[in-house]
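What follows is a set of structures to go through.
Both complexes shown next keep subunit A, but they swap its partner, so subunit B is in the first and subunit C is in the second.
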Partner chain A sequence: MTVTPIVSVRNASVVYGKTVALHDATIDIAKGDFLTLLGPSGSGKTTLLNSIAGVVPLSSGQILVEGTDMTAVPPNRRGFGMVFQNYALMPHLTVFENIAFPLRIRHMDSSQIRTKVMEALDLVRLAGLAERRPKQLSGGQQQRVALARAVVYQPKVILMDEPLGALDKQLREGLQGEIRHLHAMLGATVVYVTHDQEEALSMSTRIALISDARVCEVGTPHDMYFRPRSVFAAGFVGTSNLLKGRYRGDADGWSTVELAGGGLVRGAPTVGLNTGAEVTLMLRPEAIDLATLDDATAGLNLLEGEVADHSLQGTTWRTVVAVDAQTRIVVQRLSRVARSFPVQSRVRLCWRPEDTVILTH
Partner chain B sequence: MSAVSAASVADATHGRARRAAPDYQKAWFSAPAVVLIAAVFVIPLVIVALQSLYREGFTIAGYEQILGSTLFWRILRTTLEITLEASLLSLLLGYPLAYYIAQLDRTPRAIAMILVLLPFWTSILVKSFAFIVILGEQGIIKTMLRQFLSLELGTSLVFNRIGVMVGMVHFLIPFCVFPILNNLLAQPPELRRAALIMGASRRQVFFRVTFLLSLPAIVASAIMTVVLSIGVFVTPALLGGRRDMMVANLIDYYTREALDWTMAAALAVMLLLISGALIRVLSRVDSIDRH
Partner chain C sequence: MVDHISLPLKIAAGLVFAFLIAPSLIVIPMSFSDSREIMFPPSGFSWMLYREYFAGPEWVAATIESTLVATGVTALSLATGVPVAYALVRSRLFGVAIIRAFVMMPMLVPTIVFALGLYIYFARLGISGSTLALILGHSVHNLPFVVLVVIAGLRQVNPNIEVAAQVLGASVLRVFFSVVLPMIAGPIAAAGMFSFLISFDEVVIAWFLSSPRTMTLPIKMYSSIQWEVSPVLAAISTLLTLLSLVICVLGVALRRPEA
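After this line comes the complex of A and B, so read on.
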């Protein structure tokens, strides 16, 4: 861990009058990272991105770039690139000139500019459109021009502010692939802002979850999904069932929790809990299976309930099971292999103890 | 007559926005405006045009006389000089002003806009007389320079080209500031931000983004100031010297003093054609930029 991170945000805060837009954010971005700042709208993720870019000044804290303090350095001398939600292409310039813009700023000679711009255009598969104006292109094409413009001068870090937010779902998925591909091929470092948790999961090497102006959790997509460390993360990333309960000590290498509605459940071992402490259990819908009351279910957590809703989603059956008057648990099972249960049938929910995440906050 | 005009107006507007299907029914809504313009503008204009060709029978003597007169060519030259100088000066002063106002917050911006508009609310005659007082030999400027700097300016500030320029620029500034300000405020801030993050210095951001994007507004302002100044007549008459006579003043002379309406009408037609030609040239610059 002696490698200096390419960008270090240290205790960064941004305050506008009485509004705290960012509070004490600390995060390191390593070279080659694809770090996604994920959070609901208004959570401060764009503020964090803009302070890294230098267009929003910090009220306190520091931004280090390769170990050098850049907090007071203006955006044009930070050596970053940026992709905006609304593309921000120059309407008075052709596609070629838009991509050449950062190179002309750097007074590169024109034959070199030509080669680089053409390479960048090939990269985003727009080689034939060099002489068009941005207005003559579709939204997806415009964003690919913006991507080409952001990579053509090999900035240290490429910042992306909800770049796919203005596009429809199908285009978004196509471009997600392209951005991932660009990131992998160029070995670029990307800081990506989105409020779309699926996008964050599928694209990032790391996710920083932002809520209420704070960086509340940082981890790989896998950790964030399977081992979230907070109730907020569990609820925001993916679909989850959250059950209230009290910790009742460890047994056989598992932590046991007594559910609020009754019943003992075993979960992944959790350290530092006092017996009787209030906890929240997180269960992913796809981690749960349904069984009839007389199926063999050794070694699994079991809860009985009644099927309240059962519908085909395509890939999965989505079944809602009412365990008691307050608790409903969503279960998703592959429709091709799983058994179908009629509404109102009594079923048994069963899942492995290691798929139960015990959360304290 | 009005029915025919209404249809042709509809045609003209249709020609500009070719996408929408023509709706001749709605063209009737423009009828009142068309009637008014016809009565107070088009018909008198036709009469003026006819008048320019009439002196006890059809004649082109008026035009011959004008084109053959050295006075006319001198005055035309002065007119074009004053027009271009005043337009250029107004743009040079108006652009930075608009740029500054565009950076202001809401309230100060509103105040600044009112200040720019203020000259609009005063009669040009009153303003001109005020300038005579301010710029004159015993006026506040010359007195202050004498008093505090013991400086005696070699030139007068009024009854010469300087006086004309002060008066005209004062009158033209709002016509430059508002189109440019509108344009600057409509430019998406992300463009400047994008340029900045890509490494452009503030100067580069201005010249490569802001300024280029504001070119259409500059052209619009230039057309406005040219149109407004080419026919100006009170300002040079009151604030100018004998050599600052403009075509409009010459027309005034022929209508009111020489009572030669043929000449006056011919001059008016010439002025119209010249300003038409100037606008044509300027809007071509605009369309080149826009392509």
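After this line comes the complex of A and C, so read on.
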């Protein structure tokens, strides 16, 4: 790969007095990426976004834009666009003037401004509202104006800080689609901050998981969900069952793990483990099936237990199986095809060895 | 908000309020008196005292001087106070608290002490007795009021609007002039009107800093009462009360920024 990333964050740290807001973050953003910074609140994801924007100065490290060091360049000369959770539209200007603002700063002539603003308004489907004031619009409409304002001058990168955080669920889903559509249509590069893992999974081309002021894992949504590399990632992204155990060596091409509560299971081959090492197994609820004690289950991992709870979620049955006093495993199976099991019945949990992810930290 | 206050308390509050405001209101009927003597209740109705005020060259000169000073003070206290308020609200620099305390000082120092200090200082500079001295003195005196009103307005403004404008390409100066100032135009107007009114009304500092050439209206009123108790004062006081009322109502209406 010799392509220069559009933004490169190198060993960036932000320290306020004794508080470390960002520690040694390194990440590359390629042209056309939709990179989501995902993490719990207070994890440092907004600090990372703001330091890319130039709003928060770095204590150490560098921000490169297309290979040029921009660490000391003020935000207005970085050529980015930004969208905030609380819209941040200028209340004294009309929708038209809000969107025209970045173009006026760039001394574009007024006929060109009119064309560009109208295009941007069409793009976010607000063509009729150009002369309204922001406070005359709904939250969703205001955020679409903010999006139009952030894309109208074709910035190199569009930064979004929890742009859908203030909207209700239905609006949020609608706007998620619109933002993805904008990203695809404009070929834009987006850096997106959210604490909502479903949003991160459904929108991003890549996710950077942020925890405790650090970038702890970067990967595609698919990898992050099916092949997380840390217990934190497994727990934060999606629902997961985490089981403690000890590594007991490889057999038949699988890594075997002895569970803390007893029982031997096979997992995806994992390199660099010492026999006896403590590991955590991750199982997604939808990777597990339930069977009666006399169903055929050749080649699968098996664990016996008792149904503790069984409820219909709509698309799926959600069944909680108590394996022993401490361990409860959540199973989700498509309600249209899967059998229902009454509470207290004895069942077998069965799943494929390749769906077992072995984690060491 | 006042619904939960009990009736006896409301009556008590009303009485205290009436006691406080009565002296201000009593001059209003007196200003329409047709008599040369100050008396209450007035014996008949006439516009005589108002005619006397507008026809008296000394009164007109003092009114013009006061207007001149108050206008200069409004301009100067806004030009200094608005940037100071912005810096105090948005700056995260160490020492902001000290600067804030320093700016508020004129409000804490007894006015008479402050006036004496200004008198000595301006005498040294050779500008005492001039309109400039009055403008400078009142501007410093009004600065904390302007700063407080503008700070209150700025606190209602979402700082991300400024951040967004900056990321969109606006320089810090551009953000201040084309984003911040228009958003707080209301609070700035309110602060300006209060500053005008405070200066127009101010006696102690003006007493120390004015000369016979630069006599402001309150000083002229105060000195006139020492020689002859002229009933014209009632008319002037009524006009001043009206001015205050208009400015306060407008000021309260404008205090909040656009959101």
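To be clear about the criterion, the second predicted complex is superposed on the first by the 361 of 361 C-alpha atoms of A that agree within 3 Å, B and C clash if a C-alpha of one lies under 4 Å from a C-alpha of the other, contacts with A are read in each partner's own complex, and residues count from 1 in each chain.
Everything below uses one rule, namely that contacts are C-beta pairs under 8 Å (C-beta built on N, C-alpha and C of every residue); 3 or more make two chains touch, one makes a residue touch a chain.
Because the structure is predicted, anything quoted here is derived from the model rather than measured.
Trainee: Answer with clash or fit: subunit B and subunit C placed together on subunit A by superposition.
Mentor: Clash: subunit B and subunit C overlap once superposed on subunit A.
Trainee: Which partner does A:P40 reach: the first (subunit B), the second (subunit C), both, or neither?
Mentor: The answer is neither, since A:P40 touches no partner chain.
Trainee: Taking the superposition as given, does A:G235 touch the first partner, subunit B, the second, subunit C, both, or neither?
Mentor: A:G235 contacts neither subunit B nor subunit C.
Trainee: Considering only touches as defined above, state whether A:G263 meets subunit B (first), subunit C (second), both or neither.
Mentor: neither
Trainee: After lining up the shared chain so the two structures overlap, which partner does A:M90 touch, if you call subunit B first and subunit C second: first, second, both or neither?
Mentor: In the superposition, A:M90 touches subunit B and subunit C alike.
Trainee: Touching A:K135, do we find subunit B (first), subunit C (second), both, or neither?
Mentor: In the superposed model, A:K135 contacts subunit C only, not subunit B.
Trainee: In the superposed view, which residues of subunit A touch subunit B and also subunit C?
Mentor: 53-55, 74-82, 84, 86, 88, 90-92, 101-102, 105-106, 149, 153, 159
Trainee: Residue numbers of subunit C touching subunit A in their complex, please.
Mentor: It is residues 158, 160-161, 163-172, 174, 179, 182-183, 185, 257-259 of subunit C that touch subunit A.
Trainee: Tell me, which parts of subunit B touch subunit A in their complex?
Mentor: Listed in rising order, the residues of subunit B that touch subunit A are 188, 190-191, 193-202, 204, 208-209, 212-213, 215, 289.
Trainee: Any idea which subunit A residues touch subunit C in the complex?
Mentor: Going through subunit A, the ones touching subunit C are 53-55, 74-82, 84, 86, 88-92, 101-102, 105-106, 135, 146, 149-150, 153, 159.
Trainee: In their shared complex, at which residues does subunit A touch subunit B?
Mentor: Interface residues on subunit A, with respect to subunit B: 53-55, 74-82, 84, 86, 88, 90-92, 101-102, 104-106, 149, 153, 159.
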